[in-house]
Each structure stands twice: as structure tokens, then as C-alpha cells.
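Look at the two complexes coming up: chain A is in both, with chain B in one and chain C in the other.
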Partner chain A sequence: MTRLRRTIRDNAVPLALISPAILIILMVVLLPLIFSFYTSFTNYRLIRPDSLWQWIGTRNYERVLGDWDFWVAFGRTVLFLTVVLNLELLFGLGLALLVNRITWGQRTMRTIMMFPMMFSPILVGFQFKYLFNDTIGLVNNGLQALGLTREAIPFLVDRWLAFFSIAFAEIWMSTSIFAILILAGLFAMPKDPIEAAKVDGCSNWQVFRHITLPFLMPFIYIAMTIRSLDVARAYDIVDVMTGGGPAGRTELLWTLIARTAYDDARMGRANAMAYVSILLSIFFTWFFFRKLMAARKHLGAF
Partner chain B sequence: MSTRTKNILTWIVTFVIMLIICLPGLWIILSAFRTNGEILTKPAIWIPQNLTLDNFRAIFGYGENVVGIPVASYFRNSLVISVTSTFVAVLIGMTGGYAFARYTFPGKAATFLWLMLSRTVPGIALSLPLFIIWSRMGIIDTQFGVILVYTAINVPFTIWLTEGFFRQVPRDLNEAAQIDGCTPWQAFWKIEFPLAKSGIASAGIFAFLTSWNEYALASQLTRSTDSKTLPVGLMDFTAQFTIDWAGMCAMAVIIIVPALILTFLVQKHLIAGLTFGGVKG
Partner chain C sequence: MAKFLKSTALGMAAFAIAGSAAAQDYGNFDGYTLRVKLIGGAQYEPLYTLIPQWEEATGATVDILSRKSHFELDREMKQDIASGNIDYCVFSNHTNFAPQYDTMTEPLDGLIAADVIADFSPLVISHATVGDALFSLPRHSDVSNMFYVKSLYEDADNKAKFKAAYGYDLAPPDTWAQASDQAKFFSNPPDHYGTHFAGKDEGITGRFYEMLIAEGGKLLNDDMSPAFNSEAGVRALNFFVDLYQSGAVPAGTTNYVWDDLGLGFAAGAVAWDLDWAGWAAYFNGSDSKIGGDVGVALAPMGSSGKRTGWSGSHSFSVTKDCDNKEAAASFLTFLTSHDSQMHEARLGLLPTRSQVWTDVIAEFEAADNDFMVEVFSVWGESMANHAFTPPLIAEWGEISNALWPRLQAAVLGDMTAEEALKKASDEVTEVMEDAGHL
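Now for the complex of A and B:
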């Protein structure tokens, strides 16, 4: 006890400074999550409040893990994240290299690049729901006017087209995060090693592969870490564009949780699913954060 | 390839990319000034025949075709909730970030990691327990309930950004100021705070944008005009029998304009904030 008291007294100032932050996270994030962990072991349904005390052990988890729909949504979510994050990185890198080359109007271009970052995910979803609409959408109208297609293309109805449309919206929204951070990296890069390499006869590709890219890696990992913090924002886009439908064809893990919890009112089971989604998010963030730390160390060695 | 063709190619690619980035947003803005009749016409009318402000009048409850969606209340809720939660989150996050940058204390690394991990919890997953608890506490569908949640989700990122910026400010400055007779508080407020100002500003912008744009949590924690925010209100349109596309576009413009102005005002700080906070270890 005395040791604890001494520790607190010795660190009174920093503890006082961080306590408000810890307190509010404890109240709004940690305690609710402990509560929802408990709920995931009960048969809690919103319409029957007393069922909160009905302990059913791991039955929710067994049900969820044995549920085909859950695994389909899970697989689709992982596929979605893999496709989207890789393409965002690729396009972001390309865009940054392009803007870095341009000398005239570069400032304007950088400003325009930030444009999608300000959009709320719900707006991005609405925007592409409107553009991809089969009767009044700009894309279908354009294709028809150009004579490329007679029938409207059901962008938001067909299984794979809807997946494509949602991925397109997500990539449109988040590529700029990669582009801006990678561009910042390009600006910060010392010019000497590149010129030395060129004098020594390296090709453009060799310079990029062995000098530019290693230098950019920490910036890429920051972008990845920032992105993986809110991968679940895809929920907003899907919710407004397709609502997970038609007939569950675009259901992602997050929309499935919302449907189970609020439409089917099965809170207990939804909480069990929510834990799977939380672990997924933590895994993504942890993975990239470790890469960031390793890259930082590597860069520090120069 | 000659340098000339290379340059021309660069410009064409750049133009196409800029078009993909700009066109969707511009199309929404244009549609906000068109009539539903014109939007729905087949075959499509490409050049707008007559632009009007009726859609904006309608969603705020004026004119002939009043939309039954209280956009004005949603706007007020959004503004109150975002501004308050940003202010509190920056205050709390800044003090936290300062502590992490300047002091060593037992369990520092673990606490930092733990705070950051709290940010990864998906909104929809967090909404489940909050929905139950907020209902029982009677703060569901209140501005206070949403402000509390938004403050909490903004604190970790604010700490991360401000910590990076306070670390950039040399520690000696504070000590020198104290030797010259400043109190610790004055040393912070007069010396360190101004130097870390751009980091704090970018943290504030990020917090504001997060709150202003948030949907997953708000869609479950708000229900009526008492607390519904603009993003949640936008979905009201889809619940109606026929979708009022022009009205939705007008509301989309209302949502994007404040965010746009704010971001342009501080874009320089924004980029600096993101990179300095993260890279310089």
C-alpha cells in the first residue's frame, strides 16, 4: 500500500494530466465493452429486458461460429479489406509520384487531392448510390448516351457489381490519405542519395526500388495504421448504398451485427459477433503499428 | 519516349484522376440546384435548364414543396455536438499528450498503447453496449449522450497528434522560462503552447471532422429532433416512399460546406500534423 502511495505521489503531475483522458475512455469505451462481453454470454433480447440475466454460457459463440451467413459476411469483409487497402496503397503511391513530378499547379493539385478526405462516409455512400443508380445515375446515363449499353447496368443489385461499387466508393474516399502522406514523405526525402545512385548508373526503377521506396515505408505504414483505425467506417457506406442487401449479397460483418442487434433484437448474439469484429480491427491496427515501429527503427539507422 | 510526349502523358493522366476525384462531388452540388423533374427525366438532360434554390428552401421548411424533414434542427444538433465534443476532446487530449511527451511514469508505454487500441473498436460494435447503458441511464437521444461518446472517441487521436508536437518543442525552453521566473503554468502557456499550436489546431480539425461526419454510433444513439445529427438525418430521405434526390443533394451540400471551409483554412497544418506526429520517433 505504501509503495503504491509513493508511486502515485512521485508521479502526481503526469497522473493528474492523463487522468481525464483515462477516465472518459474507461467510462465510454472500456466499461461498456466489459458489459457487452458479459452480454455476449446471455440470451439478451431488446424486447425482453429480464433476459439480460439469463446466462447461457458460450452458446452465442457456438451459434455464431456455426452460422454460414456469418462466415460468408466474415469472408466478404476480409476480401473487401484486402482488395480495398491494397488498391488504395497502389493508387495513393501512383498519385503521389505523379503530383511530385508536376511542377506547375502542384499546390492546387494537393488541395484537390484532399477533397475526398472531408467527405463523411455517409455522403460518399450517398454520392455513389446516386451516381450508380440504374435509372437516373450519371454512370448509366453516360454509358447509354454514348451507346455503350442499351440496358441499364444494375450496379447496386448484382452481387459482384455491388461489391465493386462499394469498393469503388471506399477507394475514392481513402486513397487521398495514402497519397497525402506518401507525398509528404517524398518532400522530406533527401536528394543526395538519389543523385549519387544515378551517377553510379542505377536505372530509374532501381532508384525507386532501393532508395525511394524504403524511405517511404514509414509514411506508408502511418497511412495504413490511420486507415486501419477506421476500416469499420465502411459500415456507413454499405448501409446507405445497399443496406447489406439485396438479400444479404453485400452484407459485411458490421452490417450483419447491426441487423442482428437492432432489427432482430438479438443483442446477446450480436455482441458475440461484435467481439469478432473488434478482434479483427485490433489485429489490423496492431499489425501495421508494429510494421511502423520497425520501419522507424530502420530509418533511424541511417 | 521524348520528354515532350512524357509531359503530355503526365498531364492527361493527371487530368483524368482529378476528374474522378472532383466529378462526383460537383455532380451532387449541381443536382442540388436542379429540380427533381429534371433529374428524373429520361433520356437524361445533361445541361441544366433552370437552376433554383428551391431545394434548399424546401429542406429548411420554406417555399411550396416543404420537405417533412427538420433539417434545421439536425444542423443545430450537429453543430452543438461537434463543437462541444471537439473542445472538450482537445482540452483532455492536449493535457494527456503533454504528459506523455514530457514525463516518464510507470506503465507509460502500456497506457499509451491501451488508449490507442480503444480507438480501433468499430463504431457499430461499441454502439451495442452504449445503446443499452445509455437507455438505462436515460441519456439516449440527448445531445449530452452523443457529446460524451464523441469526446471519448476523439481523445486517443488527439493525444497521439499533440504528443508528437510537444516532443518537437525543446524541453530546455520550459526550464529556461522557469529560471527566468515563470510559473510552470506560464511556461507552458506562453512558451510551449504557441510552439505546438499547429499540431493542436490539426488535432482539433480532425476531432471536429470525426464528430461532424460520424454515422454508425449516432444512428443508434439518436432518434428524434432532440439529438439527431445531419448524417443520420440524411437517411430520413430513404425512408420515404419516393426518394427526393434533389432534396438529398441539397442536404449533402449543407453537410459538406462547413467541413470544406474548415479544411481549406488549415490544410497546411493538417499535413504537418499527420506526418510529424507519426514519423519523427
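Now for the complex of A and C:
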């Protein structure tokens, strides 16, 4: 206790100076979190403000944990994250390596590469909804015109085609995030180890596998962390393209939560879902940070 | 020339409205700013071009805080209710969703003069009444009837083949069983389909609901427990399942909502389309591939002999927290006045005032617009005798959200109609328990 008092006395000025920032963070971040956590134990419905005070204990959590549809959406979100992150990484890495080799017009290429990121997700959703439409969609019409099929392929209806259609849209929009971060890593990379390896007779693949890639891994894990948080909250594109349907075939956590919260106005239950879902984001963040630390350690030894 | 006549007619109509706005006493609210949230979108906006006339007549100013689609506005108002931040006076409402805004809605019974309300269709006023209170003033109504491609039905070859296959004459369907036969007959995927239907959100719930009523079923029991898990419910749902599984509708119909359907019919992709009157002028106009070839008919009957007629009206309401309810009531009266409704009816929207039905039909007759005369006759008959709303309770949206994914599952073959309705029924029971009805 005396120690604490001494610490406060010794650091009175810095503490006083940062206290407004702490206070603002508490108000902006912590209060809404506490409020939403509280509501997850109530029967809070948006259209009935009085229901905010109807304490129902753990009923929302019991229902969410016992709700098969929720767990299916949870599992699908994990699968979606895995597919999207891995493909974005592969394409982003390929794109960055290609752009890095360009000696003329590289700046223009970098700018062009960022175009998909500049579109609103809602716009991207509408664009791909049209492209994959079964009757008037460009993809179907193209395939039929080329004589590759006589059938109208139900891209947004079939369970797996719909899943890959929304994944395609998500990947199209955000691969450049990986590409830009990896490109930054390539720019920051010292040339000496590569030149030394080449002098020692390493092949291009060996240079990439043992020197370039380990150096890029921290950048890749930072991109993975950022994108895992983004994709775990994927909503706009999916909502526009399929609305989580048909028959829940493309339902992800946030399409389900948003519908429960706003369309159904059952905010208490939606918050319970959200708190269970946060476990997913926490897991992925923890996982990629561990990987990031390991990669950095590896680099240190390098 | 046609364009000139059209713009002259619109100009004269606007002049007439301007004259009548000034003639009718909407009160004096000089210097007052009326804050409103209105539904946006192509078919709703033309009415708002008249607002400056009310401003001129009353001296007030209208500040439009929001102009969003129905679903976006719905979310916004739920947030307003939750935060208690209702600092506006008038909002766009819909009779089927009005009960969920009850905590923010001021009943209009004392605010709007009784003789004004008396000019509205009694059925529509009853749809806008929740309990004993008039929650909103209806602006225009919606009900669906049949649009069909006339040339397909008049083609001698089609007639002969249909008769040979189904044993009765090819004509616009009077029953849903006939409509189903015809959808299958005309279907030739992937180039052409018999029909399509709204396959998600409230669209498919509404279509199922009206079919349920036409099959003699009901959505809820008197004690508010779900009643749709019944033989009539299974028959109603299997109508859609059968259309889908037989390939009479596009595979993507489970993702379609109103724009997809309207644009699809106008593109000539289907033979018949159960749709709203607001599309009529577009379907038969020059921008449509089937322009001049469109027929209309009353929505067919189900096996109970009742016609489908899921209906509702877009409307306006006044908030409880409004600081000038007289100004708000005056604004509502103006936006739903005879002349304002004529303005919308000319575009094909269904009026809620009885006299406007007569007057707009007379106007179309005078202009030799036989198609629109027929549209208004069919839809008038439908609104007068066959239209019905969902149960006017705050939980309609939640019931719909519990139902439609299950309906889709049955349509796609993921589960049987019986399983789908059982699951939906269990979820609706939970919704009604949480809402305190059970």
C-alpha cells in the first residue's frame, strides 16, 4: 500500500497528464462493453426500452449455446476465415512478389492494386450478386454463350457454390491488403543475405523458402491478424449477396447477429451471441500474435 | 408529341395541386421547422416534390432528416426508440409494421379531423388501426395481382398444347392450381420460366402467408400461439416447393426480392408474375421488353375458394414527442390529400381515398389508357374485397424472420414442408413467449 502511494506520488504529474486519455478510453470503450454485456443478461428488445431492466439471468446464453443454427454459423465462419485468409495470403504473396520485380511503372501498379479496397463492401456485394445471378448474371451468360453449359448454374443458391461466391467477393476486395503489407516487407528486406545465398549457389526457390519467406512472416502475421478480425465480422458483402441464405446456407455469425439485433430487435440475445462470437476473434488474434512472436524470434536468430 | 402531352398533363396537374394547396386551409405555422423522417426510393420520391406547396401554404419549413429504404428506416427508428432520441415529428410508417413503433406513435384520432378520415377507404383505415387507435394515415396501398404475357396466352399453338396436356382451356388462372399448371407448361429453362416468386425476407413469408389464408389456414391462434403448422400450411408451402422442384421457377428465386421480380418480368423471363400495381406502367411501357403485351387478372383462389391478397399500406405517423402536433397533422393531411394521392395514383400507386379511385380511373379513361383503367379496376376489386393484412402485432417482423429461412429450406429440399413448419412453429412459440403473449 505504501509502495503504491509512493508510486502515485512520484508519478503524480505523468498520471495527471494521462488521466483524461484514460477517462475517455474508459467512457468510449469500457462503458459500452459493460452495457452490452449487461444487456446480454436481459430480455432487452429495441422496441421495448423498458425491457432493458428485465433481468433473465443466463437464459440468452443457454439458448445461444443450445442453438444448433448458431453453432452451424459459428463453424461456417471459422471455415470462411480459414479459406479466405489462406487464399488471400497466397494471392497477396504472389501479387507482391510480381509487383516487386517490376522495374518500370511500379507505383502505378501499386495504386491499381489498391483499387478493390477503395470500393464500399456493399457495392462489391451488389457487383458480385449481379455477376453470379443465375438468369441475368454475366458469369452464367458467358458460360452459356461459350457452350460450356446449357444449365443456369445457381451460384448463389447451391450450398458450396454460394459459399465460394461470397469468399470470391471477399478475396477480390481484400487481397491487396496482404499484397501491400507483404510488399512493404519486401521493400524493407536487406539485400545482403539474398546476395550471399546466391553466391553460395542457392536456387531461387531456396532463397525464397529460407530467406525471403522467414523475413516476410512477421508482415504476413500482422496482415493475418488484421484480416482475421475483419473477416470474423464479415457482414456487408454476405448480406447483399445472399443475406445469409438461402435457408441459412451462407449464414455467418454477423449476418445472424445483425438480424437478431435489428430486424428482430432482440438486442439482449444478439449481444449474448456477440460475446460468444468474440471468443473466435480472441482465439485468432492470440494465435497469430503467438506466430508473430515466434517469427520475430526466428528473425532475431537469423 | 406523347412526351409533350405527358409533360403538359403533369404540369397542369402540378398547377392544380398548387392551387388546391393554397385553397385548402392547412393552418399557419409561420417560422416553424417540421422535422421528418421519410421513406426513400424511386416510387416514393415524386410525392415529396409537392412539399414546397405545403411550406408555402403554412409558412413552415420541412427538414427531412432521413430518406432511406423501408428496412434502413426501420432499423433507424428502432435505434431511436432504444435511445429515446425522437426529436422529430413525422415518420413514414407501414400498416403491417406500425404496431412495433407503438411506444413512439401518437394516435391520430383526435388530431386528424373525422371528416378527413371518413374520405378514406374504411378497410384501409381498419388496417391502419391498432387496437382502437389510428396509428397512421395511409398514403398508398399494396396488394398483388396477376400480370401475364398476353401473347403467350393467346397463341393458338400454346392453347392447343396446353389443352392436350392439362385437359382444360389456357386462360389467365383463376385458381392457384391452374397457375401452377401454367407455370410448368410455359417453363423452358434456362431461357424462359413459368414464373418466379419472392424467395427471401418478408417477401416469401408474405407469399406463404397469403397462400396459407387462401388454403383455409391461419397464422396464429386466438391465444397467439402459432397455427400455421397445419394441413393448410403444408399445402400452402408445398405450392412453392412444387414450383421450385419442377423447375418452373429460376433456381435463384430463393434470393429474389421485389426488384429482381419486376425487372425479370419486364425482361420477358417469365410467363406470369404475381406483383404490385406500382409496376404496371413500367411493365407495359416502352422500357419493358413486353411493353404493350401485358394482361392483368385478379390474384387466383386457393383450395378454400379465397383469393390471395396479402396487403398493407405505406403511411405516415406522428411521434408522441412532437412539439407541434397540429403542424404534423396538417402535413399528414396534405401528403394524403385528394390531390397528392392523384399525383401518386397517376404513377400507378393505389390510393387510399375512395374518391381518388373513381377520379383516377376517369382520368385514364379520358386519356384512352385502357391498360391502366383495367389495372385500377382489378386492383380496386382486390383492395375492396380480397385484401388482408398480417396480424397487426409488433412481432410480425420476428415471426417473418423465424419463418422465411425454414420456408426456403423446404423449397430447396433441405427438409420437408412438415419439418420446416414444425421448426418455424417452435421458433415462433419462443418469439411469442419472449414478447409476453404466451
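Note that in this section the second predicted complex is superposed on the first by the 246 of 302 C-alpha atoms of A that agree within 3 Å, B and C clash if a C-alpha of one lies under 4 Å from a C-alpha of the other, contacts with A are read in each partner's own complex, and residues count from 1 in each chain.
What we mean here is this: contacts are C-beta pairs under 8 Å (C-beta built on N, C-alpha and C of every residue); 3 or more make two chains touch, one makes a residue touch a chain.
Model, not experiment: these values are computed from the prediction.
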Chain C versus chain B, contacts on chain A by residue: B
Chain B versus chain C as contact partner of A:Ser228, first or second or both or neither: first
Contacts of A:Val13 with chain B and chain C, given as first, second, both or neither: first
First, second, both or neither for A:Thr135, with chain B first and chain C second: both
Contacts of A:Ile25 with chain B and chain C, given as first, second, both or neither: first
First, second, both or neither for A:Asn43, with chain B first and chain C second: second
Contacts of A:Asp263 with chain B and chain C, given as first, second, both or neither: second
Which superposed partner A:Ile112 touches (first chain B, second chain C, both, neither): first
Which superposed partner A:Thr242 touches (first chain B, second chain C, both, neither): second
Which of chain B and chain C A:Gln144 touches, first, second, both or neither: both
Footprint overlap on chain A, comparing chain B with chain C: 135-136, 144, 262, 267
In the complex, chain B residues that touch chain A: 10, 13-14, 17-18, 20-22, 24-25, 27-28, 31, 39-40, 42-44, 46, 92-93, 95-96, 98-100, 102-103, 105-106, 111, 115-126, 128-133, 148-149, 151-153, 155-157, 159, 209, 212-216, 219-220, 231, 234-235, 238, 245, 248-249, 252, 255-256, 259-260, 263-264, 267, 270-271, 274-275, 278-279, 281
Interfacial residue positions of chain A with respect to chain B in the complex: 7, 11, 13-15, 17-18, 20-22, 24-25, 27-30, 32-33, 35-36, 39, 52, 95, 98-99, 101-102, 109, 111-123, 126-128, 130-131, 135-136, 138, 141, 144-145, 172, 176, 180-181, 184-185, 188, 218-219, 222, 225-226, 228-229, 231-233, 235-236, 239-240, 254, 257-258, 261-262, 267, 270-271, 274-275, 277-278, 281-282, 284-286, 289, 292, 296-297, 299-300
Complex contacts: residues of chain A adjacent to chain C: 43, 45-49, 63, 129, 133-136, 140, 144, 150-152, 154, 156-157, 242-249, 259, 262-267
Parts of chain C lying in touch with chain A, wherever the complex brings them together: 71, 74-75, 78-79, 81-82, 84, 100-101, 103, 189-190, 193, 199-201, 250-252, 254-255, 264, 267, 269, 394, 397-398, 401, 404-406, 408-409, 411-412, 414, 430-431, 434-435
